[in-house]
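Should a chain be cited, it is by its letter among A, B, C, D and E, assigned in written order, with residues numbered from 1 in that chain.
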């Protein structure tokens, strides 16, 4: 078995960054560490700011073994030659759109002819285009401006853009009266919530199948814990360590059912979404070719965990929607 | 720079042994300089061809060439370069002229130096990296942001060089102008300004170097177009070939601008009759 | 020249006063509506703001590590270029071409090669230090007055003694100026690396996080710290240079 | 009216050196007649250059009065031309342009200016080098160009501060002859500072010997030798010894260097 | 055995100037006897410095042979010491350290080295300034320190290229006397380049007159005057005229400057 298992996730915050997803729960509650109790193996976490590209680079440099991140960046990584395996589905990123209060924007369809900022090549990019398409706004109807999170805040404050698509980091804008929320995926269109995968490097999974199984076990236990509504407040406390106030986190997740949102299954719904993202990546010229989803995914570890722990009922298998 | 000039003068007495002439020797003086780049290229090709380094870490030279051609053909490269160079030109023109005027004022007037000097030095001490977070809130992410950042980047070295240039004009020249009974404007235009040319060009060249650093910094950190953005986009898409194309463009442009300024200085000084 | 008299403090004082008055009068809104007093409190009272001390400490530590690595390599390379003509003729143009690549343009390549951890940052800082020192050391040696070269030649000094008695001391002022430039360059490199690469502590990460969390007050404190440390490094090195030059 | 071109009375000048006042020149008086050559000699630091700079208007005297052709000197560029020890030609201008620059304040017509410059350049024998830049000239040629520049403004009073100090002995004596030739052909008065006794003897109608601490005029020696003067004549030798003695007297104790 | 310290035969040296070869020195021969002082004079550019630099090993001659004490000179630092016109002391070393640096190749014991340096520093009258840095010295003192540095290696042959050219006349004659004193007290042969005829006459046993285009030796004049020499003696004056004539003859046509 390896001496350390290195996990990576997206992070925020002053000093040492901290995560805001399922891994933060697994980390804080020790779900994965528990699996390796009594062995020589230790577990370590790195929370990357800079998100997708940073995690791809960490995989490329063999600095992490496991990571969960958005589908778009992990497709970009796989297309770029990273040899990874998807072990479980991750979701839960609530996507928001905010607009300047004085811009006369009430709904997504008002964004026609406007300047809209988001960070390209992320799952938000995918979600925004999907949501807009559903609202009848085509890509050619507005000006898309590629900005990183912090710059989005500044840009809308200074009036350089009219609206921003992003995650819960946008919510303080509403609090400060700089922008108002015009869209929330959890509330308005759950189909376009952010999603991604829990991935492992192929080298690792081939060398240590047992350790991989244990990591998946711990990871699923974390999801199970989070699915229990009684743990919601504690989860918010854990996520608040990244610097966002608890109230904001609560508000951001107000419409989210964690059991549904953190469904780890590699089922039909997973496939539908990934296919959509793969198509998107190709269309947007983010990749030169797309990885084959089937050989990229390995559901055996997850299924084994679910079966052994009789967890099939917590997350029902979702059937694929009609592909469009 | 002044010091160097003085050492040269001081040793001018002796028949100075002339060093090897670096120009005008044709291919013979060039060839050793080509050894290193060629060796690097061979190593690079070998490392990628043998699979020692995977494509996502270091793409092969041929891949880079191909990407270069693709980006050039699609117009992405030229539109990115155009916007970057435009920003650079505006920054150099604005920052350079403001810096010149301000630097001369600093050099000429003790009072300006006392009242404004310390603030100027504090202002100069904050790099582009520090200005971006503050400025972006004030002026947004549009062109204005880049213009201000680049103007500042060029302003500072030119101002410092102009100030030093003013002070470095030999007092003897000023005396000469007085003894000849020249008017103040003639003393400035005919004596001081020409005497300051080398140092001011030194400042301009520093400014162009600074401008490139700031350009890339702000295009990487807060922009949606330009060469710096193209490189960050390459990083995002995990395509190192795009990044390397960007580095090549930035490096080549940097060298080219530096050479152009040198040439310009050379021409001006030659026109003025100096042996350069 | 660099001494600050009372007159020099008037202008910054006026700026702060106007800002404070405007904030107090409610003329500013949005994230800019922070008072000077609030900003002053951040590094001491704000739970996120106090992270700045650890941030500065970490940054300085990185600066030293990367600076020493890049500095030693840069000096050695520059001196070798200055002293050994064949080496200079083969390698110096290439190094010079690499020097022309604007510093931050290295970041994407470095993160891809060395990941997002400490290594990439240290390499970046080392690069920021390396180039100015190569240049100054090479120039310093090459600009040694031919008159003095001849003087030590006619004494029949060994090559080694020529280097230690002539070339090194003669190049010292130029190297000192290079060190000063390198210090500033590596400080910007340090904060820049932290800012762009992100995770981990450091002043750059501190500013980046403050921006992500939309805290203008913390951002301002971070920027001010960035400037102050830069000024302090510059002033400190200028002092050392003055000391060196009066010794000659 | 006594035809005095330059008249100095009770001139003194001090500098502030590290807080203390240093008297460089004390109660100095001097008259220079029309078409006269006066040489000033004296040990280093006795105030020779200071005297010349006061006359040229480059220094403000503490006391005393300096009049050129009866007019008080208050600022530079009034009534005198100055030749510096280093030629101070502007390196980015040709010989011609350097001379023409000096003529600008006279506001001649373009044609007159060109003609005047050409005449003086020819006078010093540099016509062939009129379009050369200073760096293309030898030391002697550059010094002659500087002379042309000073003479061209035709002020009647030319001040020279060790003008040939940087030249080698052969060139130097040639330049001395050329200076005398020009002086004989043109109405011009010359006050020349030198540290070379022979030069003073060869050129001057009078030699002023200065002495330091504080700088003042110790004595004035009439040189009544006919021109051209013979450097190895007995009379020349006698005057040389006399001046050497005066200098040795005025040289400070056993001050090293 | 003929006691010749320096022996030069058929020396020539050319430089490449803008593509063409320029002959700076052609078939030059010279012998320097033990304890002899020979002065070299000649117009600027006649190859005086080139000659000295060849002897010092700083230039490689095209043809000819240079032997010091019978040994061929092939590179710098062999058998001779050179005093330049500018002192060329290393600015970051004290006077003492500068002198000691020159002694290093002799591999003396630490104590001997210190003693030797101190002796020569005293010889030139700089003991009080042994721990001063060059910038703290006047021009004359620095030049004396350079002299001490050259003499301390006790090579027997000292080459001097216009060593007092930068000093003023009073200091200059004082330095000439000191040089003669040291020369009388020590077994040393001196080859001195100067552009000052008086200096050559005052110091040398023989004066070599050089001529340019291409640089070569025109004539050698024995100076059989007893020492100390009187500058205003008739014999001195006659020799001066003789050398002046030789120089005038050797001065190039009407080449300006």
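To be clear about the criterion, a contact is a pair of C-beta atoms (placed from the backbone, for glycine too) under 8 Å apart; a residue touches a chain by one contact, two chains touch by 3 or more.
Keep in mind the model is a prediction, meaning the values are calculated, not measured.
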item: Higher-contact pair (C-beta pairs counted), B-C versus A-B; value: B-C
item: Angle (degrees, nearest 5) of the CA superposition of chain D onto chain E; value: 175
item: Centre-of-Cα separation between chain E and chain C, whole angstrom; value: 50
item: Separation of chain D from chain E, taking each centre as the mean of its C-alpha atoms, in whole Å; value: 33
item: Separation of chain A from chain E, taking each centre as the mean of its C-alpha atoms, in whole Å; value: 85
item: Chain A and chain D: spacing of chain centres that average the CA atoms, whole Å; value: 88
item: Two or more partner chains touched - positions in chain E; value: 58, 84, 86
item: For chain C, residues contacting two or more additional chains; value: 30-31, 111-113, 147, 150, 196, 210-211
item: Touching two or more other chains - residue numbers and ranges from chain A; value: 53, 57, 60-61, 150-151, 154, 157
item: Residue ranges of chain C touching chain A (in the complex, touch as defined); value: 30-31, 48, 51, 54-55, 111-117, 196-201, 205-206, 208-214, 218
item: Contact footprint of chain B on chain C as seen in their complex; value: 1-2, 4-5, 7-12, 30-32, 85-86, 89-94, 97-98, 100-109, 111-113, 143, 145-147, 150, 173, 188, 191-192, 195-196, 204, 207, 210-211, 216, 219-220, 222-223, 226-227, 230-231, 234
item: Residues of chain D defined as touching chain B within the complex; value: 56-58, 75-78, 81-82, 84, 86, 88, 90-94, 101-102, 104-105, 133, 135, 153
item: Chain E-facing residues of chain C, complex; value: 147-148, 150-158, 161, 165-166, 169-170, 172, 247-248
item: Residue ranges of chain E in contact with chain D within the complex; value: 43-44, 125, 137-141, 168-171, 195-197, 232, 237, 240-241, 247-248, 251, 256-257
